[in-house]
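Just below sit the structures, each encoded as structure tokens.
Below are two complexes that have subunit A in common, paired first with subunit B and then with subunit C.
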Partner chain A sequence: MSRLNDHFRGAARVLGFVALVLGVGAVFALIEPRFLSHASLNGIARHMAANGLAALGLTFVVIVRKFDLSIAGIAAFAAMSMGALIAAGLPLWAAIMGGLALGAVLGAVSGIAISYFELPDIVTTIAVGSICGGLAFLYTGGRSIFQNFFQSGITDLNDARLLGLGVSLWILLAVYAAAWFVMSRTRTGMAFYATGENPIAAHFSGIATRRFVALAYVLCALCTVLAVLLILAESGNAETNKGANLMMPAYAGVFLGAAVMGGTSVVATFGGILLITMLLDGFALMGVPYYYSDGVVSLILLGGVIAFSDSLREWITGLGLLRPRAARKSENRA
Partner chain B sequence: MTMTYIDKTTRPGGTLRRRMARLTTDLWLPAAVVVLTLAVASVRPQILDAGNIAAVLKSFSVMAVMVLGLTWVIAAGKIDVSFMQVAALANMLCAWSLAQGWGWGAAIGAALAAGLVVGVVNGLLVSAMRLPALIVTISTAGICASIAAALGKGTVIRIEAPGPLAPLLDPVLGGAVPPVVVPVLLIAALAWFVQERLAMGRYIYAMAQNEAAVRSVGVPVVGLGVLLFALSGVSAAAAGVLLAEHLASGQPMIGGPYLINGLTVVLLGGMMVRVGKPNILGTLTATLFIGVLFSGTALLGLPDYQRQIIQGALLLIGLAVATLAARHHGAGGHADGA
Partner chain C sequence: MATPVLTASDVSKRFGPVQALRGVDFHVGPGEVHALLGINGAGKSTFIKILSGIIQKDGGTLTVAGREVHFRTPEDAIRAGIATVQQHPELVADMSGLDNIFLGRETAGRGLFARIDRAGLEARAEALLARFAVPLDLRQEVGQMSAVEREAVAILQALAVDGIRVLILDEPTSTLTEVEREDLFALMNQLKTRGISIIYITHQLEEVFAIADSFSVFRAGTCVARMSVAEARESRVSLAELMLGEAVGDVFPPKAGAPAGEALLELEGLGRPHEFTDITLQARRGEILGIFGLVGSGCDELSKTIFGALPAARGTIRVHGREVALRSPRAALDAGIFLVPGDRRSEGLALSRPALFNVPLANLRRASGGFWALRRGRLRRDAQELTRQVALHPPSLTTPASGFSGGNQQKIVLAKGLYSQADIYIFVEPTVGVDIGARAKIYAQMRALARTAAVVVISSDCDEVHGVADRTVALHKGRLVAPAARGFSRDDLLMAGIMGEVAA
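Moving on to the complex of A and B:
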């Protein structure tokens, strides 16, 4: 019975989310009809691919109850490194492998420092991010890298299509599907959640909690590298500020999704990042100046976290008389 | 740990070894400032020019004001990553108000009020609603940065007339000491007194250890949390006002670099006097250290990004040492106290 209830509640949350996305889409379409145009929807899909990959990486870290503020720095360093590899004439796959290897090392540095050496997560990742942000300047001193970009075929990641959808969207869907399977259908995924819920209990259940925390940071860095790869593919060059705009949407996507869906998960992040990308692209289409975008994302994030917080729910139910009736109603419905 | 503090008062004797250890934790950072200054001066004597000292002390004052409140927020086991954008907002608000024809008094009042509002909002959301401090302050930082940029439509606002704070920034004593250092040090001394001698200081450090325990012995934890974030907001805003006077303009993008600088200073300072605990005296010394480091790297002609790498590495090393030391002190402290 309670399982059934849980299913109902889960389904209701998903439906609520779908309604929210459709509602936001409808509002934008009414204000700005171009929102539903082919170009605009394509743009949303492309931006969602980059934002979504970064947010997915952050999801792993948030599931083990940590934070990662090195996303922008790692993205910048990986962008310039992959750019340098491409400019040196290496084939695209080698450049991507190089970027991923670099990401894995950087993620492992943060992850090991935080899990095995118990350094505080926020400040450690800020420091690692800062070092990476500086290292991004090593190759060219800050100048843009664009040599060999068109010959290498990296722009195909942005332009090519498969069954009517952009390649970047397929990459996003494939990575999300794999992540969803691992996180909700395997022991490994359960271990991540257990580590986050109660590391001591997880430890005594035979889970190598430190390894999973470190692994979460490695996965986050790998996803960040993939995200910035798509940004390079879209712009056709590598610059040190690529990826500077990945972090806020990632945080907003993860925490908004978690707030609406009642917990951090791959599906929740997918919904959250879809909503955030729609809002960002919609506002950009309406001609809202660039400097408002961070503020809008922040406001939505804050609003979402407040609206779905436990204390607000307690406060509303604490208002008194409403509670018994509301409770009875929900019982009847179930 | 409060243990070291108790040691000093109840056991004035103490072995020589312990006194040496005490002296080392107290004095290693000031010694590092002296060594770094001398090292740079041996290659670039200009670092000891009056003009350069004045510049270092000016940036020291701005930075110290900005992170005074942050020191206690971090000491209480919370985090505030909105301080640098609060400073940017106060900076822009000051310049914008002046451009609207307001007087300096009103402009400064508006800037400080904005800092207070952001701080109180942060505090209420974190302490009363128990939302994660990082998410709350990351959001308010984004909102502040957007408002700051929107005030100037994305560009700089110039300030024509120098304000009442200008004489504070005008160096005296042979052009080496800007008078602003005096009020900054007085405020810091007051904060040090509050932290070391009043119950509030004890509560701050107790909160970091076990908030539930502090709450259950009757300390108004929510009120204290709001107060700490409010202080952080106001002190960041005050730094923004100083920057407006110093730069004679409102700069919307000024916040960015201060995030890592501010955290470096607070955590590096947290390794002095009370190991593993951010504290006012440590923050001041670390601010001076970073000031000399910046000045030195600039004089040596290192590009900005190399300084960024050095600073990040410094923060990481500082963190590692502080964490390891706190673990040792923690174990030793319990044995001592028992």
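Moving on to the complex of A and C:
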């Protein structure tokens, strides 16, 4: 019985999320009919792919109850590094591998510093992020890199389609599917969650908690590299500010998703980032200047977290005296 | 009798599907020490949380000194003179003991910038501490303190309330040991002579006769009995029977019939500086080895060393006759050792997660198959079976561990141990906060385990060690005190643990 109840509650949250997405979509469509145009929906899908990958990476870190503020810096450094590799004439796959390898190393640096050497996460990742932000200027002193981009085929990641959907969206779906499987269907996922919930109890259960914390940072950096790769593919060049707009939506997506779904998870982040991307693109379409968008996203994040917080819900139900009456009724029946 | 200081009538409280309290009637008179009894999950802590303003009742009335009160926050209760030590006190881990005691009450003046009179605070704290003879450094951070010390800080924090009329203690002795318990009782008697009423929750039924004037028994969320201790003594009622609602047999199962088998765990000259030295012990298949030691005797460190959580400075550990280097709990688990840790909330459980998550945690290999994928059907069946075996109540696999009463949280840790299928089980303080009915079940579980495994019970409860173990030793200030002949009598064991001497 309680099992059915749980399924029901989980389904109710998912339905709530779907309703929210549809509702937001409907409002935008009413205000700005172009929202539902082919070009606009395509744009949402592309932005969703980049934002979604960054948010997924952050999800691992948030699950082990840490923060990563190096996303923007790592994205910039990886963007310029991959750009330089492409410009040097390396094949696309080699450039991507180079970017991922760089990401793995950077993530490992933060991860090992934080887990094994017990440095504070926020300070460490700010430092690593800033260093990376500086290193991004290494190759060209800040000038844009675009040589060989067209020939390399990187723009296909943005333009090519498979079964009617953009390649970038397929990448997103594949990575999310794999992450969902690992995090909610395998013992590795349980170890991640246990590490975040109570590291001492996890350690006493034989879980290598430090390894999982370090791994979370590596995964976060890898996802960030993939995210910025899609941004390069869309713009056709590499610039040092390419990752600047990844971090805020990622945090908003992770925490909004967690607020609505009642916990951090791959599925929650997927929903959260979908909503955030719709909002960002919708506002852009309506002509809200980009420099307001971070503010708008933060506002929505705050609103979402408040709206779905337990204490507020209790307060509201307390106001209406809904629960006590219902409780009394069921008691009489018992 | 004088008018009660505190009364509750028809108080009810529901948590989702669980009706934790239904129509509780309760009162306590001035200067009365009143014990609140009931099995795990009977609703004692829930009731206390209502009296102290931490949660709000759904229905019913509360009065203090004859006037109806509505507690919306803990501040309201404190202002009405009700000071509480919760079952699991919430202290600020990275503040000192002193700062915790006066948290929010640092100054007489109001306003953000009122000055803090540190010297005055320290003097007040020292005065409180003098009455309560726990050796305690109040300048230490609470996060660094042991469970006993934290409990003491929480008690001092409650006593620092001005104009205190009622002091509520929710299972204070479950973490305290014999010596501190005596201090606490002396302190309670002192408060009583000043007219302060005390509501006292415990699972140690003999304490009721030692300290209380009267008691109430909660069962399934209602108060089913209230009587004076004198009455109870006269009519020879069984408290355990009142709590459980049925007759109880022996708490302790019969001792092992057959002689013990081969040694599964052998310690030789094990030591860690300043904690314990030269521990040589064997735990055999088929027997329960009991180690009695007070808090600070090195018991906790010893258990963690055997479990690989602390490195041994010297000595060797052999498992199944082979020397092993236990560098981590993982290595110990792989060698077949499972530790049921003493501090279940911080070391044993992911509190915001349900039993289904916690039970398999120490043996994720068993829970998964190819591609490390969880075998969810099997896991659910196994977890269901184990929670049934330990009599988890309510028998829910999906309620977060924090939603269970203290004793039932311990049962989840136990189920986790059973799932890990070790063959050397180390139990540290296994029945802290566990009611008498469930305690009997846990001891029976240990006995069942001991048929195929070696069981080591480490506890500061002498009766427990003596009652459940086949063979007992004591640990005193880090040194092993072993009996000359077959075993210790209960009193000899107590002597050995407290004084470090073997009776002639």
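By our rule, the second predicted complex is superposed on the first by the 312 of 334 C-alpha atoms of A that agree within 3 Å, B and C clash if a C-alpha of one lies under 4 Å from a C-alpha of the other, contacts with A are read in each partner's own complex, and residues count from 1 in each chain.
One rule holds in what follows: a contact is a pair of C-beta atoms (placed from the backbone, for glycine too) under 8 Å apart; a residue touches a chain by one contact, two chains touch by 3 or more.
The structure displayed is predicted, hence computed values, not measured ones.
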After the overlay on subunit A, what do you see for subunit B versus subunit C, clash or fit?
clash
Check whether A:20 is in contact with subunit B, with subunit C, with both or with neither, and answer first, second, both or neither.
neither
With the two structures laid over each other on chain A, which partner does A:94 touch: subunit B (first), subunit C (second), both, or neither?
neither
First (subunit B), second (subunit C), both or neither touched by A:203:
second
Classify the contacts of A:190 with the two partner chains as first (subunit B alone), second (subunit C alone), both, or neither.
second
Subunit B versus subunit C, judged by how many residues of subunit A each one touches:
B
Is A:289 in contact with subunit B, with subunit C, with both, or with neither (first, second, both, neither)?
first
Examine A:29 and indicate which partner it touches, taking first as subunit B and second as subunit C; both and neither are also allowed.
neither
Examine A:302 and indicate which partner it touches, taking first as subunit B and second as subunit C; both and neither are also allowed.
first
Per the contact definition in the header, classify A:117: touching subunit B only (first), subunit C only (second), both, or neither.
first
After the overlay on chain A, which stretch of subunit B ends up in the same space as subunit C: 9-17, 63-71 or 207-215?
207-215
Along subunit A, where are the residues that touch subunit C in the complex?
2-3, 5-6, 181, 185-188, 190-191, 193-194, 197-198, 200-208, 324, 327, 331
Of all residues in subunit B, which touch subunit A in the complex?
79, 81, 125, 128-132, 134-136, 138-143, 145-147, 149-150, 153-154, 252, 259-260, 263-264, 267, 303, 305-309, 311-313, 315-316, 319-320, 323, 327
What residues of subunit C sit close enough to touch subunit A in their complex?
14, 17, 19, 22, 58-59, 307, 309, 328-330, 332-334, 339, 341, 346-353, 357, 360-362, 364-365, 367-368, 371-374, 376, 396-399, 416
State the interface residues of subunit A toward subunit B in the complex, per the touch definition above.
67, 69, 113, 117-120, 122-124, 126-131, 133-138, 141-142, 248, 251, 255, 289-299, 301-302, 305-306, 309-312
